Amino acid sequence: MIPLQQTPTLAPDWLALTPALLLGVFALLLFVFDSIDPDESNDGLLAGLATVGSVSAAVVAGVFLLLGIGAGDGVSLYGGQLVVDGMALFFMLIFTSVASLVCLGSIDYLEGHDDIAGYYSLVLLATTGMAMMAASNSLATIFVSLELLSLPSYGLVAYLKNNKGSVEAGMKYFLVGALSSAVFAYGISLIYGVTGSLLLSEVAGALQGGEVLTDLGGIFGVGVLMVAGGFAFKTASVPFHFWAPEAYEGAPAPVSAFLSSASKAAGFVVAFRVFIVAFPIESVAGTIDWVLLFQVLAVVTMTLGNFAAATQENVKRMLAYSSVGHAGYVLIGLAALTGQGNGEIVLGAGMIHLLVYGFMNTGAFLFVALVEYWGVGRTFEDYNGLATKAPIACVAMTVFMFSLAGLPIGGGFLSKYYLLAGAVGAGVWWLALVAAVNSALSLFYYSRVVKAMWIEEPNGNLDRIDVRGYPTGLYAAVVIAAIATVVLLPAIGIFSGVAFEAASAVLQIAP
Amino acid sequence: MAAESGVFTFAPAIAVLPFVSFLVALFAGKYMPKKGAVAGIAATAGSLLLSLVMLAQVASGHAHHMELYTWVGGEGVPFELTFGILLDQLSTLMLVIVSTIAFLVHVFSLGYMNDEGETGLPRYYAELGLFSASMLAFVFSDNVLMAFMFFELVGLCSYLLIGFWFRRPGPASAAKKAFLVTRFGDYFFLIGVVGIFATFGTGTFGGPGVEESFPELAEAAIAGGASVNTFFGLSPRAWFGVLGLLVLGGVMGKSAQFPFHTWLPDAMEGPTPVSALIHAATMVAAGVYLVARMYGFYALLPTVLAVIAFVGGFTALFAATMGVVKDEIKQVLAYSTISQYGYIMLALGGGGYVAGVFHLTTHAVFKALLFLGAGSVIIAMHHNENMWDMGGLKDRMPVTYYAFLSGSLALAGIVPFSGFWSKDEVLYETLVHGLGGSPLLLAAYAMGLLAVFFTGFYTFRMVLLTFHGEPRTDLAEDPEPVRWNVKIPLAILGVLAAVIGVINLVPVHALESSVPEFLHDWLYHGPEGLNGEHYHELITSPEFAGYSAGAIPGLGELGTLFASAGLSLAVALAGSAVALALYRAPAPEEHTAKLGSLKTLLYENYYQDEYQVWLAQDLTEETVAKNAKRFDDGVVDGFVDRVSDVSLVSGHFLRRVQTGIVSNYAALITLGLVVLLVAFGIVGGWFGGVFA
Amino acid sequence: MMIEALVGLCLVGALVVFFAPDEYAGKLAFGWSLLPLALSALMYLNFDGRGNALLGGSLAFEEQFTWIALGPYELTWFMGLDGISMPLVVLSTLLTTLAILSAWTPIDERRNQFYGLVLFLEGSLIGVFGALDFFVWFVFWEAVLIPMYFLVGIWGGARRKYAAIKFFVYTNIASLVLFIGFFGLVFGLGDSISSLALPEIATALRAGELGPLAGGLIVPEQLRLLAFVAMFIGFGVKVPIVPFHTWLPDAHVEAPTPISVLLAGVLLKMGTYALLRFNFTMLPETARSLAVPIAAVAVISVIYGALLALGQSDLKRIVAYSSVSSMGYVILGLVAYTSYGIGGATFQMVSHGLISGLMFACVGVIYNVTHTREVGDMAGLADEMPLTVGALVAGAFAYAGLPLMAGFAAEFFIFVGAFQSTVIAGNGMAVMTALAMFGIVIVAGYLLWAMQRSLFGPFRFDGDYEVTRAARHDIAPLVVLIVVIIALGTFPNDTFFRMITDAVGPLVDGATAEAALGTGGGSP
Amino acid sequence: MAVPVQYYLVLSAAVFCIGLFGILTRRNALMFLMSVELMLNAANINFVAFSFQHGNLTGQVFSLFTMALAAAEVAVGIGIILVLYRNFADVDVTKATTLRW
Amino acid sequence: MTTRPRLRKSSSQVIGVLALALFGVLAAVFLTASFGDAAGFPADGSITAAIGYAMFNLDAGAFPSEGFLVSFIVIAVVLDAALDVAVMLGLREEEEDTMASDGRGTRGDR
């Protein structure tokens, strides 16, 4: 139970959406810039604008979150189409933090490219889409916001339009995405067919009692599975994950960071909300036991992601697969909502993991961006002896890798073990065991990066670093991400409390 | 009390003094004139003096016990483990023996080591000092744990001193073997110690002022007067028997009893003074001393006593036969040592507590003498130990010869040298108790008696080959002279070997009771529970060992005594006579060939080393350990590596699913969706009961 | 704030040294490491804890304040020492200082990183022994892996990468397993605990508060068993017990010697320490019901480990496998549930830490000079390096359980405690003890065998290096260790054993027939 | 009165699967795009049919959004196909396989 | 590039069976479901007008519907974004990046 404290309110209500609005405004501002002066080449100004936009949104989201705005049932807006509650703000914080880092890191990465304004406006538009997803409380807004995230993402992946890899990645991402959104839309139509509504709370209301499901259980089940497919696409979960390794590898590294951290989190926030709020497991378990579904998906996803990651030669692709693996971990957040134990622990753990993941994974991809910037190569061997040239960045990368692997050098340690604890508490200890095996395997391949950087001898390909120098923006982004990752170990309490509260709030909304 | 404990407060110094000499020699030895020898001599002289003082104190009727300090204690543990000193008749006697020999060996070492220009002398004297300290501490230990600890420490010193010449492969190997074989025995001993503490909650031997000692508790338990923890549902008597046998493991290891005797001949690789001190007079005696120390416990257990006696008798004979064919002087002495400790075991097992201690005393003297004499010869022969290269040394080194002869006569058991008296008593005690109704003891006696023959033979073979006849090499023609520091110890010991028997002239006492049996009286007046009288009661009590003294039919007690003495003397003389007959010649021949295949068997020591080496090396190390290693590398670790291989291979397979062709992805997505739909459809009953 | 200061000193030192100039790093690290050493010595002298930390004892240097929450469970920063952890803290600080000193010679590149990581490792180790909240403890427990990975991976031998990753992944998966097991217990306790403070959990578990997990899917008995097994395996890997030991020889052989010193000296103790704190303190009933398999595992570890050591020809491997063997004694002592048994096991942790540290340090000094550890590659080193060889002989005999050295004391306590234990019906523990004790013969066998071949005999060396005497700063750690080992073996009670038995007392009360010893047992 | 809703559903399923069939078998990116449009329209059929079934307009309104989205998707899709053609000189989706495994 | 793709082109038509299978599953589900009678829309009232009201969350339509104001605004932005993407991708850059032949190198290889 959330203590009935005086929660601060905003007047008017829609101010609660400030983070999303800020992002949208800045995105459009950049859009306008782009339209007025397409040849504007003041990269710093554009990047600064985008960074300021996302940072300010992050600050607002963080302040709202800590002030407790929307604690409890949240601020419901526009007839229930949107809700700004703890979970929404928490995820907005994740999205905007990642976006800030990505914008900061892109300054150097995009050096010499055309259409910088377009890039930043797409990043901010996609972030806006995510923020809207976090606040969406209706399948309609979810679908539309999800597309607001997807379409700019396709463009971002293909941003290096003269680079075969980037274009191919964009093409694959787009095609799989289009297929997925068709499936998603079809699923929504079936849900609508069964319940007659798109609002999550009304869907749940229609399901209550279970009369509808006796007649229309099959249709509902197909709908739920298809909706789950849509989320699986966004979160890069099996079997809709196929785009992920390619897209993350081919895309510009900051975009990979953005997609694998923020976009994944966006997929999860809607999945959390839809399944918990709209399809309460008590009502639907007889028809479609989505907890079981997510257990299956979690096991397959984490196993596939981690095992495939273990045999990669390319660091970026390894990170891509590991990102699939992490999707599997977070799926535990849904898979362990068995009604046993403390649901808020496992759901909150999933949220916290996504938060920490936002920093550590973004940081890792930005480090890859740094290496791509230097042009020393992409395989593990190419990373050999990197620490001799760039010790600070390598310390940061080590922090990311070990934190991703769940060693206590960053917040990833706590969040991963929170997840495991939650799984055990829910009685799905076997799921925890599978996660444990995967986690140990992940330590193997993450430490390969560390080994290359610190233990191996340099290959002689590092001279290029001297040529290109040390880019300030990327360095700053990487170091900030590392500091955040490390600080989140002792200071996770700042966010874990609100995460657990938000989780229990969402869980208690369910009838 | 205050006055006497005033003297006794110096008791720890008996061990501490040599320990200090160890430290001095170790850290400052190389700066000292005699490389630490002076410190050692001073320390052991001090120990000897103090031991004598203690002996005198005890003689005045004041056995003493004191707790030194608590090793482990306090509220947290169920029983304390302490260090303490027990000064009674037995231990003070042994202290005097040990410190005497140690002192003399230190002096002798000046000649054997310093004068020979050996390097590493500080190490030598340090180790010698540590040994003396440990041995003395072992002797005055008041409980079995402390005894075990110093028992192990003397083992360490033995290892170090055998391996003193570590540059040569032989000593290094012999040292290892000595430690390992005794360690194997100590394994059982340690179980026994642990068992004693677990059973009784105390390991004290007893003594004045000691409330509880385990022999007393055991006695009470068998008598039904106390309850103790026995294990495995055994009766107290049976369980104590197990404990006794376990402790016996250590005894047999240290005292080189069959089948743990194999290390001792090898240990002759060490410097000869070391052989004299450690491997003849003192450390090897530690085993049998331990039996004597806890005789109150063994006397309760007839089975164990029989085992002790039989092992002793067998070892006495077995080792003596091997001594017959040896070519090297120290080898003969080594087998002789094994054989003689067999006698002591025989005595203790046969109920002859006093006899055992008596032979322990005399043997310490004459065997130390023989070793030192051999050392003198070895100096003279430039470290050639082969007796066939000697001959005729009698005239060139008379002091050594006469001293050696005195020791040899004692060893052979020729009246009136000390060995006669003690060996005779050993055999007599065994005989009477055997006649009292124990065929096993009689068998042991028979073996002991037979061994007397071989003892006489190999002793005089050794003397004759070494000192008599014509010199067989140039070296023997002109041996290196030895100095006072060799001669004085030999002289002292030579005299002692001849006369020390007076301390217990049993047959004489039987004839003329005014001739005292000093040792008998001495030991019978020990503190309560630790004296010979008490032991005798236990031995003869039907509730415990249940021995009874018998006599040769028709001869009576006195007749049996003299018959036994006469018999053993006759056998000894017979053995000596055969040796004289064979080797008296100026240029004696090797007669071993006449033994035929027996010769090989004896030369190879009954293949005892072979099977033990096979056990330790071929079986344990080469077979078991190597296979364990193979198993561990291949199976246990192999499993770990396979797991990692399988993970990587399956990872390789999984990544192949990602073909790079987007159509395939669409197909796989569709496939996944269809599979999920069908699976959950069936579970959820979506198909209108079609599959239900 | 003493423990915090201790950990903080190490971590700050790590940072300082990490950024210090390479050539001064060794001296700086040594100097700095004297601070925690002095502080821990001060703490040892002022130690005022009583009883067991988990079972209502009064803690020394206690500190507790809230940190974060995991759902309904509060996680607190909770530090404190009792008689079990205090000796281990002293062990950690002492061995770290000596390891740093012994690293001066062999470590000749990236010194600042090396010493920085060593100090980081020290801080983590102290944290492991000081922490009394599960998550805080677990943070330190896992944090230990990070410096170890680098220390083995960067400065190790030829197969260092393989060894480092094997160690890393193997022990990590063990941690995951134990974590799952432990949290099964936490959730089984449900509302009866409100934090993850270990004393609270231990008390609740011993009070029988354990309920079913997952709505009755797993009943308390099963849960207890499953959790016990999971934690036993998890900690057992660290110990290591057979058959989870194979990472150890690889890690030991490849690690630079100063790290082997710490690995064998302190890291393995984490496993046994945790076994004592978790399995044997929290689930005594389960431990007793599983006494037969546990004791069997202990005996197998002792004998099999010793046999494996006998089969090796690399000096470091020999010592590594003998660690497996020695740690088997600890398990045997723990399962005995007698004050001598558990106390001896704890004492063995300290004593084995010192002795194996000494052995590794000696092997390291030899390796510095000869660049080989193969027994067959050398002979008769005693003449060339008398002090080192002397120390090695001392270490070997300490290992082989020579009285008046720490190893004998510890092993004797274990033997006495295990022999009289009644956890297995029909004096089964006595048989197990007797079997395990055979290890003292094998250990003497392989150590003497190795010494005979490599140290004694005529001098022979099949290498290109000139065999010279070791530097003074190489010898100093050996001397210090020998002195400490003898001090501990001669005065076990006055050094550590009294505080240990005080702390293990609550664990064994009424647990055995000790009190019922017919004779009342010993002096009052 | 009218056609049972199942008929619409089966129709939409058929359209959906035809679209899917196109995706699975066509290699031309434009055909791929068209197939996706078919699938989205299958959803629209459902929305409209269910809207009638439930007697509320939610489905109808939403189908408008779906159409708008389809348009947006096509815009993006065409752009991507354009750059695909520029880089690979082909619009065969199975040709671009530089990234795999 | 030495390994052939798992699904060969010649078999791509066969893959279409999956679509058929999906249809089978969907049809099986749909045809076994039992809907009640359709509520339908009364003849009086403008559906088109109601749709318009629903788009702007105006509660004035003749038929019930949820509000879609948010979706409406968001879709507007989506269309903007699509435009942005299309323009960005469609524009031909003046200076051509020379790409590494394997297509994997990005800017780093320049």
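Labels for the chains are A, B, C, D and E, by order of writing; each one numbers its residues from 1.
In this text, a contact is a pair of C-beta atoms (placed from the backbone, for glycine too) under 8 Å apart; a residue touches a chain by one contact, two chains touch by 3 or more.
Remember, it's a predicted structure, so these values are computed and weren't measured experimentally.
The fewest steps needed to get from subunit A to subunit E, moving only between touching chains, is 1.
Least step count on the touch graph, subunit A to subunit C: 1.
Shared contact partners of subunit B and subunit E, listed by label: A, D. Of the two interfaces, D-E and A-B, the higher number of touching C-beta pairs belongs to D-E.
Chain-level centrality, scored on Cα centres against the all-protein Cα centre, points to C. With centres set at the average Cα position, the gap from subunit C to subunit D is 64 Å. The distance from the centre of subunit B to the centre of subunit C, with each centre set as the mean of the Cα atoms, comes to 36 Å.
Remark: subunit B and subunit D have CA centroids separated by 96 Å (rounded to whole angstrom).
Here the CA centre of subunit A is 26 Å from the CA centre of subunit D. Chain contacts: subunit C has residues 169 touching two or more partner chains. Contacts with at least two other chains are made by residues 5, 9, 16, 20, 23-25, 27, 53-54, 56, 58, 62, 65, 69, 72-73, 76, 79-80, 83, 87, 93-94, 96-100 of subunit D.
Residue numbers of subunit B whose C-beta contacts span two or more other chains: 644, 655-656, 658-663, 666-667, 670-671, 673, 677, 681, 686-688.
The chain pairs satisfying the stated touch condition come to A-B, A-C, A-D, A-E, B-C, B-D, B-E, D-E. Contact residues of subunit B toward subunit A in the complex are 644, 647-648, 650-652, 654-655, 658, 660, 662, 665-666, 668-669, 671-673, 676-677, 680-681, 683-688. Touching subunit B in their complex are the following residues of subunit E: 3, 5-7, 12, 15, 18-19, 21-22, 25, 28-29, 31-33. Against subunit B, in their complex, subunit C makes its touches with residues 166, 169-170, 242-243, 245-247, 304, 307-308, 310-312, 338-340, 343, 380, 382-383, 393, 397, 400-404, 408-409, 412-413, 415-416, 419-420, 426-427, 430, 433-434, 437-438, 440-442, 444-445, 448-449, 451-452, 455-459, 491-493, 497-498, 500-502, 504-505, 513-515, 517-523. Contact residues on subunit A toward subunit E in their complex (touch as defined above): 24, 27-28, 31, 34, 77-79, 81-82, 109, 112, 114-115, 118-119, 121-122, 125-126, 128-129, 132, 138, 140-141, 143-145, 147-148, 151-152, 154-155, 158-166, 168, 197-199, 215-219, 221-222, 252, 371-378. Those residues of subunit E that touch subunit A in the shared complex are 25-26, 29-30, 32-36, 57, 66-71, 74-75, 77-78, 80-82, 84-85, 87-89, 91, 93-94, 96-97, 99, 103-110.
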